[in-house]
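Listed after this line are the structures, all set down as structure tokens.
One chain, chain A, appears in both complexes that follow, with chain B as partner in the first and chain C in the second.
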Partner chain A sequence: MHSIAAPFLDFGRVLGQMLRLYVESLAYLAVTIKEMAMSRKRRLAVYSSWMEQIYWIGNKSVSIVLSTIAFVGMISIVEMSYQMNRVLHSTDFVPGFAALIIFREFASVIPASMMAGKVGAGITAEVGSMQITEQIDAMRLISLNPVKYLVVPRFVACTVSLVLLSSIASLVAFATAMAVTSHKLGISPEMFINTALFFIKPEDIWINLFKAFVFGQIIPIIAAHYGFHTRGGAEGVGLACTKSVVYSGLVIVILDFYITWAATVFL
Partner chain B sequence: MSQNSKVALLFIAAVAGLVGIIFLLTGGVVRNAATLYITYNFAGGVQTGTPVRVAGIQVGKVRKIEFLGGDPAQDTHVQLTIDVDAKALESIREDSQFYINMAGIIGERYVEVSTGSKDKPQVQPKAVIRGVDPPRLDQLISQGYGVMGEVMDIIEKNRGKIENMIAALDAFLTNFDPSKFGDLAKLVGNLSHLVAALDKDLPPLLAKAGPMMDDLGPVLKNAAPMLADARALLSDVRGVLKDKNMGDMLKQMISMLDTADSMIKNADHLLGNLQFVDENWIRHFLQVEGVRAYAGLGSPNIPSGSKPVDPPPLKRR
Partner chain C sequence: MEQALSRPETPAWISRSAALVDAFWRPFAGFLDELGRLLRFLGEVLRAGRSRHQYWDVVRYQLYQVGWQSVPIAILAGVFVGGIFAIQIYENLFQFGATAMLGGISASITVREVGPLMIALLLGGRIGAFTTAELGTMNVTDQIDAMRCLATDPIKYLVVPRYYALILMSWVLTVIGIVIGVLGASVVSWFICNVNFYLFFSNVASLVDLYSFLSGLVKSMCFGVLVSTVSCYYGFHTHGGAEDVGRNVNKTVVVLGIGILALDYVLAILNDAIYAAFVAAR
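On to the complex of A and B.
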């Protein structure tokens, strides 16, 4: 009986801890913003910290994220044109559906997945290493809250970076899809844009940005959670990184499903 | 480049990308655009941002769609506000037509503007133009369904007859003698000759009929007032007959005529009976009747108690 219930109990416990960490992060973010408003010195320090994190999380991910999304855009056209030609004997739908899938799904999910692998694993490894070397405990000893000083800057940086990257990614994927369509199907860029714009609506852009905003918050929370709960030595850090990447990816897909569902109901 | 600059660049790139996408989606802004108002009675499928094309090239977009109201007396119910490139406006003349077309199998709509005649003046910006309503394919399809349903009903009700007809046709075709094709060919040939003859003879016939028709015109023209007079006369007669006194009078006259008829019959009978009367018979009759009268009254010249002598029997001639 215990063995059957154990995974569910573990899942509930972990979910509770993550939610607690999320609420804590939001609370400390509010405190930080208040401090920034009250003190110029603090404002500069926090600004510097956030910009540094955005640089390491956002700018350093540009190449990998945009390379990935560029190929995803191309793959979507190749695959769709093949399948639609096979089933419908027409490729007229390709630009429209490709644009829809790029703007509604790929532009947020692909960068988020890449960020979960690259940034999430980095945060887990960093925090996990600090955990196993008792640096976290040392911070607590000198009255520095690890959530406030370790998680909040990464939380902000990851959220902002993912929204920015997602915005650029949608354009890059659209452009590569257009290029492949022009080359493979002989549809001119003007026709591609006109057909695509007939399908996509402004709300598709807002849904994409909202998803990026949500995934950007989820990745550092899951990563930090596994970092704080790292046990053992280097092996423990590796295990924590693996869990962080796997569960981030899983949560991204699950949340994507619910957000998409809600969007189809309410928009 | 510093870290902050690189982050700022990322921000700028992302914001520019976002603005670009929103710019595209909201239809953007057509530079040097002229606004035209196109009215339709039905503009199915057109949306804000629908492209406007002149000679197949996109020159603008639909900016606004307004419902003008459901007044049945109004000719049009929908007004499209379109922005057209000023250069393209030169091709749009007063006789240009504004169609709502469908492109491709996905059914995306666009407003197609036909280039007008060169001799017509150019359409002025902010002009209100009546567009050409697109065909109601939805209605056509639904009516088609109705017709198909009725056809199916007819087929279902007459299934036996149709099967018999098909069987008869099948039997006819199966048993058809190919050698009869010659006869058929002759029949068709004869028909062809007949048609040719008619083609030759009919025009003179029709030419002859022409003057007759010309004469018929005045006759018909005169017949009209005659018929009107006859109608008036009949109407008067009907009015007289409806009068109550006239009815009574007619009844009395009929009664009198009946009486007269009866009298004539009696007189005729009497005359029939008196046909044998002549001078001798009258004399004899008067003698006999006179004797009787005398005897009855006691005349002094006739002795009392003497018997009257019977007149001779009447002889019918």
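On to the complex of A and C.
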């Protein structure tokens, strides 16, 4: 009985801890914003720490996010043209379908999963090695809250940079898709843009940005959770990194499904 | 020494333009350099794997770690990815009144593209980083040199079993992911898109053929080779301390993310060319 129920109990416990970390970091974000409003010195300090994290999280991920999304744009054209040739016996609507699926899904999910691999593992490794060398306990001892000083800057930076990166990524995927279409199917760029604009609605872009906003909040929370719960030496850090990458990828896919469903129902 | 001092000085514009060319060439040269090293490592592994393999217990352990422990994640990801694609394709086909094709198209996309790609990204995140961290830690603590001292070929003992496990298990997981993805898509299209099971599966047989299934399996094998090559290469070439292990794990994740999608594009083009030349012509 216990052995059957154990994974579910474990799942519930971990989910509860993550939700608690999320609420805690939102609360400390509010506290930080209040402090920033009150004193100029504090405002400059917090601002510089946020900017530093945005540099490490956002700028350092530009190359991986843009190069992966460029290939995704090209792959979606190749695959769509094969399918449309077989089903509709014409490739006239390939730009529309490809642009739709790029703007709705790939532009937020691919950057988010790449960030989960690069940034999420980085946050887990950083926080986890601080945990096993007892630096987190030392922070608590001098009454610095680890959530406020470690998680909140990464939380803000990851959310901001994922929203920005996903909006750049959608344009890059659109451009590479356009290049491959004009090369492979002989559809001119003007024609591509006309067909794509016929299919894309403004809601699609808003949903894409909303998805990026949600995923950008989830990645640092899951990563910091597994960082705080790291036990036992260097292997423990490696295991925590693997767990953080796998579970943030899974949570991204699952939430993406529910957001897509909600979008089809309500829009 | 005197000769070097008395050499006429290079004009400023030459050195400046040379620096400019260098700045543009250097990333590309670094990329080619890394690619060549990866291919040389692959050749080393193939040479080590040619002789008779003797560490089957290691292979069995790797199969357990790579494969069996990834099955729940593959099932969970497969259901939701299949569902997402079913909803998106339904939205497209609904405008043409062609919802009867929903099952055929989503099954065909899952078999050809999404299944292998999903499993490869999953294995890259789950196995790639872990393998680099493991081998890198063994390297910086001199365990690999100790293995060489004991006349055990580290490539044969550490790397070749991972290749076997990753290739075999990427096939198994791809088949699992495809089956679960199509089932998830059918359930989602029944409950959300009002396309029942009968309509969903009516066009699957005509749109999914043996060729697309085999091309998906070849693709997943290539991804398995890529994941194991990159992760083992960066693990073996870790020097220094714990920070270098972290840096190489990061490199592995980045290279795998870009490499899997780039390889997928190349394979998709090749697949299209082969299909147009041999299969569609008949």
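FYI, the second predicted complex is superposed on the first by the 267 of 267 C-alpha atoms of A that agree within 3 Å, B and C clash if a C-alpha of one lies under 4 Å from a C-alpha of the other, contacts with A are read in each partner's own complex, and residues count from 1 in each chain.
Just so it is clear, a residue touches a chain if its C-beta (ideal position, glycine included) is under 8 Å from a C-beta of that chain, and two chains touch if they have at least 3 such contacts.
On a predicted model such as this, the values are computed, not experimentally measured, just so you know.
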| item | value |
| --- | --- |
| Superposed partners chain B and chain C on chain A - clash or fit | fit |
| Contacts of A:N59 with chain B and chain C, given as first, second, both or neither | first |
| First (chain B), second (chain C), both or neither touched by A:A223 | neither |
| Chain B versus chain C as contact partner of A:S167, first or second or both or neither | first |
| Partner with the higher number of touched chain A residues, chain C or chain B | C |
| Which of chain B and chain C A:E105 touches, first, second, both or neither | second |
| Partner chain in contact with A:L197 - chain B first, chain C second, else both or neither | first |
| Which superposed partner A:I187 touches (first chain B, second chain C, both, neither) | neither |
| Partner chain in contact with A:I75 - chain B first, chain C second, else both or neither | second |
| First (chain B), second (chain C), both or neither touched by A:A212 | neither |
| Distance in angstrom between the closest Cα atoms of chain C and chain B, superposition on A | 7 |
| Interfacial residue positions of chain B with respect to chain A in the complex | 3-4, 6-7, 10-11, 13-15, 17-18, 20-22, 24-26, 49, 51, 58, 104-106, 108 |
| In the complex, chain A residues that touch chain B | 51-52, 54-55, 58-59, 62, 90, 92-93, 96, 103, 161, 163-165, 167-168, 170-171, 174, 190, 193-195, 197-198, 200-202, 205, 209 |
| Residue ranges of chain A touching chain C (in the complex, touch as defined) | 64, 67-68, 71-72, 74-75, 78-79, 82-83, 86-88, 97, 100-101, 104-105, 113-114, 116-118, 121-122, 125, 129, 234-235, 238-239, 241-242, 245-246, 249-250, 253-254, 256-257, 260-261, 264 |
| Parts of chain C lying in touch with chain A, wherever the complex brings them together | 73, 76-77, 80-81, 83-84, 87-88, 91-92, 96, 98, 101, 104-105, 108-109, 112-113, 121-122, 124-126, 129-130, 133-134, 137, 192, 207, 242, 245-246, 249-250, 253-254, 256-258, 261-262, 264-265, 268-269, 272, 275 |
